[in-house]
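As written, the chains take the letters A, B, C and D, and residue 1 is the first residue of each chain.
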Amino acid sequence: MKKLINDPRAVVDESVEGFGVAHADLVTVHADPLFVVRRDAPVQGKVGLVSGGGSGHEPLHAGYVGRGMLDAAVPGPVFTSPTPDAIIPATTAVDGGAGVLHIVKNYTGDVLNFETAAEMAEADGVRVRSVLVNDDVAVEDSLYTAGRRGVGGTVLVERIAGAAAERGDDLDGVAAVAQRVVDGVRSMGVALAACTVPHAGVPSFELADDEIEIGIGIHGEPGRHRIAMEDADSITQRLLDPITADLQLTSGDRTIVMVNGMGGTPASELYIVFRRVAQLLEGLGVTIERSLVGNYITALEMQGASVTVLRADDEMLELWDSPVHTAALRWGV
Amino acid sequence: MAGTLDTAWALRWMRETARVIAVERAALIDLDRAIGDADHGENLDRGFTAVLGKLDAADAPATPATVLKLVAMTLMSTVGGAAGPLYGTAFLRAATSLGDAGEIDAAQVATMIAAARDGIVARGKAEPGDKTMVDAWTPAADAATTAAREGSAAAAVLAAAADAARSGAEATEPLLARKGRASYLGERSIGHRDPGAVSSALILQAAADAAGDGTP
Amino acid sequence: MKKLINDPRAVVDESVEGFGVAHADLVTVHADPLFVVRRDAPVQGKVGLVSGGGSGHEPLHAGYVGRGMLDAAVPGPVFTSPTPDAIIPATTAVDGGAGVLHIVKNYTGDVLNFETAAEMAEADGVRVRSVLVNDDVAVEDSLYTAGRRGVGGTVLVERIAGAAAERGDDLDGVAAVAQRVVDGVRSMGVALAACTVPHAGVPSFELADDEIEIGIGIHGEPGRHRIAMEDADSITQRLLDPITADLQLTSGDRTIVMVNGMGGTPASELYIVFRRVAQLLEGLGVTIERSLVGNYITALEMQGASVTVLRADDEMLELWDSPVHTAALRWGV
Amino acid sequence: MAGTLDTAWALRWMRETARVIAVERAALIDLDRAIGDADHGENLDRGFTAVLGKLDAADAPATPATVLKLVAMTLMSTVGGAAGPLYGTAFLRAATSLGDAGEIDAAQVATMIAAARDGIVARGKAEPGDKTMVDAWTPAADAATTAAREGSAAAAVLAAAADAARSGAEATEPLLARKGRASYLGERSIGHRDPGAVSSALILQAAADAAGDGTP
């Protein structure tokens, strides 16, 4: 394993420290327990947005702390959800009196830790609501699984809910917008090569030179199935088809599309995937109103990509376009 | 073997657990890499290392429950992931079931293990056969209850629980996961042992070993 | 070789096509010969800025086309400088009457092709000036080499010269600002693993599991020397020391710092490097006034990073802060 | 062997070059990977494939110079990198040196090769020993001049030039590069042949083969 790190156990602390120095105009980093808040937190009268989860998905979540998006991010160890003792103070730190929304990716660990933290923050007098992001169509959403995972859709939920909070919506309103995004967003990913968790020291799975994993998540876990390598257009279709089917996208639908790199994929390849997504959606009569192409939610240095599609309405587009100023997403300011 | 177990046993249990988890850290990571995200051993090692630190820093605990409650709070705030809240709840319920008893007998040991199991189920909503740590704790709780009812000493109850937990963990191998991260894999989860079930068996074996050691 | 591509020879065309679709609000893509111009080009009365070079360094250069930065980018094949027949029409397309500045990275191929293109564009009546970026301190700048390579500093030159052009500076003025940035900027890079050029199909070099290459460029070429793997803090010092020495940075100096990922490095690791850069510069009494941490000039999926430092003055900082709106850099708008 | 060479020879030369470059594409990429950026073979293959297309599409060229000028323009606009402008200039100067001659003799062949060499030097500013294609073209030009002075036929002049170019390319192996991408490597450039010198030798061998083939 070769990584630009010092001690595998200090990766998250040192990285977030560097992040804090680089973005001191945007955020304040609390070292112990570790969480990152908007520099001007708490914003009085505004609903606070908190997200978090295992590290290794950068820029998620700390990169999305700032005006028009998150008020706090709670980074756990690599691929390990943070504990309530960090989530609770992050929650209270961003409560400007209007309550706090927890945006939780649907993993057992995240759900349990945020659940406990929400209970305890409420006991401390903070009004907390939670929204669960579960957009990964690679996973069957059934009684017999932990449910669909939260992946790329999280970025869109954070942006649009963050805009609603900035606009002044109350806690129920922000939660409702967030839920609407959750309901309308779906994702699917592919890995060409696995990543190596620093404390594990070896790749999360082994792929032969002509194999890829379809339906991977963002934790270096193996995917749903392994297939022989294909060209980018074919792979893109494999990712997009289950999304359009699940969303039942039809002619006239408008969307926000994200083509996301898993950390080790050149931008040039992401644009080749985006090109194909645009062709396929155009073929369905579906328009791409806004798009993101880049590394927005990663799995360390994994080679691969994911496609996220949100069926968007006027309000979502308006919220999307409102000013956002974070380390990783910025416009209008 | 000990007829009853005391606070010193609880402390030995936790020190033995920390030792074993450190030894098995890499193996648990490997199990989790196969069907999860390669962190289970790291998470538990971080947690039980913190437990050791907390025990060293704390005043001498009065009862076994004091020890287990401290463990619960420490795991809850240092392990993270799915295992943190689940083990945290398990140890909290275990502590609560013991009340302020200074010495605990075979029946109390069985009750304690069942309470831990119930906590995990309440928290994680997994059923036996879902390929989770529940598949270690459920046979362990059953075996402990049977052993206690049949008049075994406290240490023997723990030994029976540990044996059953190990068998339960081994028996997760052919199962298809329906809870936790492994469930995302569907059919591909078959053929691997559940890391949480394996670590649960280690923890219960440490309890038995701590009881066996501490008696003449 | 596993890549999200269709045909190795179509990589650049398809990728730039996707880029054009994703950023249709910012750019227009000309397919044959291939170049990318600002959507509103030519901007009357404004000096036009053109850069280009081999592809594989994305977001450089097309990602920097837009207000406050480049007017045109000319992407060559992967790691191969574009030819005059593409540079010439890009140059004439962005001439708003105030002339055009070519920003050329110092590689024999880029220099020769831009030189020819400049001559021929001038013959067509466009006033052209050129600035050569040569910031890589890994290469000795001597009679006995092709001179220092142009690497990370290019991003800073494009931003600051682009701001000067947007401000209304004339061709000589923009060229002078660009040259001042070139004079004050230095970079150095490290590779932990090589990249694979699509048409080559095998990695550019082989590194053992405990080896890294110090002093690499952005073309997958081997570096100056190979050393045993070290921790991030030590590697960072190896990159920064030659820069501070060459720039003779001393207490009180102000800088713009970029910690750049080569394409396959997680953002978390870049922030660990940035943390150390900040510590070391602070130790010298040098302040970081502005910073960029991320993938800004890459070598496909190479694993590694580079550090760029510009000694900045008030004017450069003011130009830096002015609005920029491109696919890869955006603020103030 | 041919005493003089005509337009058909020039066409055969280019077709043979395109064929050889396609065959050696991967080998040239490998040479460039070692001390450059792994594109030399790809660049030339793209360029000479385009040359073939241009030759097929063009009217039958009147003179050798017409062929070489078309080649120059095509390489200039399709090869890119360092080799594109250098070879483009080389072929342009070669064409210019031939004027509108329909048949070229041994002396003109020698002049043509020297003109190509001079173009490369004017463009790239490399000196002999800098480990570039100049190290193939310089001995080739010298050998051609000598052969022509000694009364060899045109084809023999080309054969002498090709031999010298190959030796020159081989002799780049121990050199330390001072121009082009390989110069960034410093000492590490030693022990590898320069890809541009090798491709130059291939191009000159193709010229000789085209001359040898075309005569009774």
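As a working rule, contacts are C-beta pairs under 8 Å (C-beta built on N, C-alpha and C of every residue); 3 or more make two chains touch, one makes a residue touch a chain.
Just so you know, these numbers come straight off a predicted model, no measurement behind them.
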Neighbouring chains shared between chain A and chain D, ordered by label: C
Chain A and chain B: spacing of chain centres that average the CA atoms, whole Å: 33
Rounded Å distance, chain B centre to chain C centre (Cα mean): 55
Between chain C and chain A, distance of the C-alpha-averaged centres to the nearest whole Å: 29
Chain contact graph, described as a line, ring, star, complete graph or other shape: line
Pairwise chain contacts under the document criterion: A-B, A-C, C-D
Complex contacts: residues of chain C adjacent to chain A: 1-7, 11-12, 14-19, 21-22, 55-56, 58-59, 63, 192-193, 207, 209-210, 212, 229, 231-233, 235, 263-276, 278, 291, 293, 295, 298, 300-301, 303-305, 330-333
List of chain C residues in touch with chain D within their complex: 9, 33, 54, 76-85, 107-109, 112-113, 115-116, 138-140, 144-146, 149, 197, 199-200, 202, 204-205, 217, 219-222, 224-225
For the chain B and chain A complex, residues of the former touching the latter: 29, 33, 35-39, 42-43, 46, 76-86, 123-124, 178-181, 183-186, 188
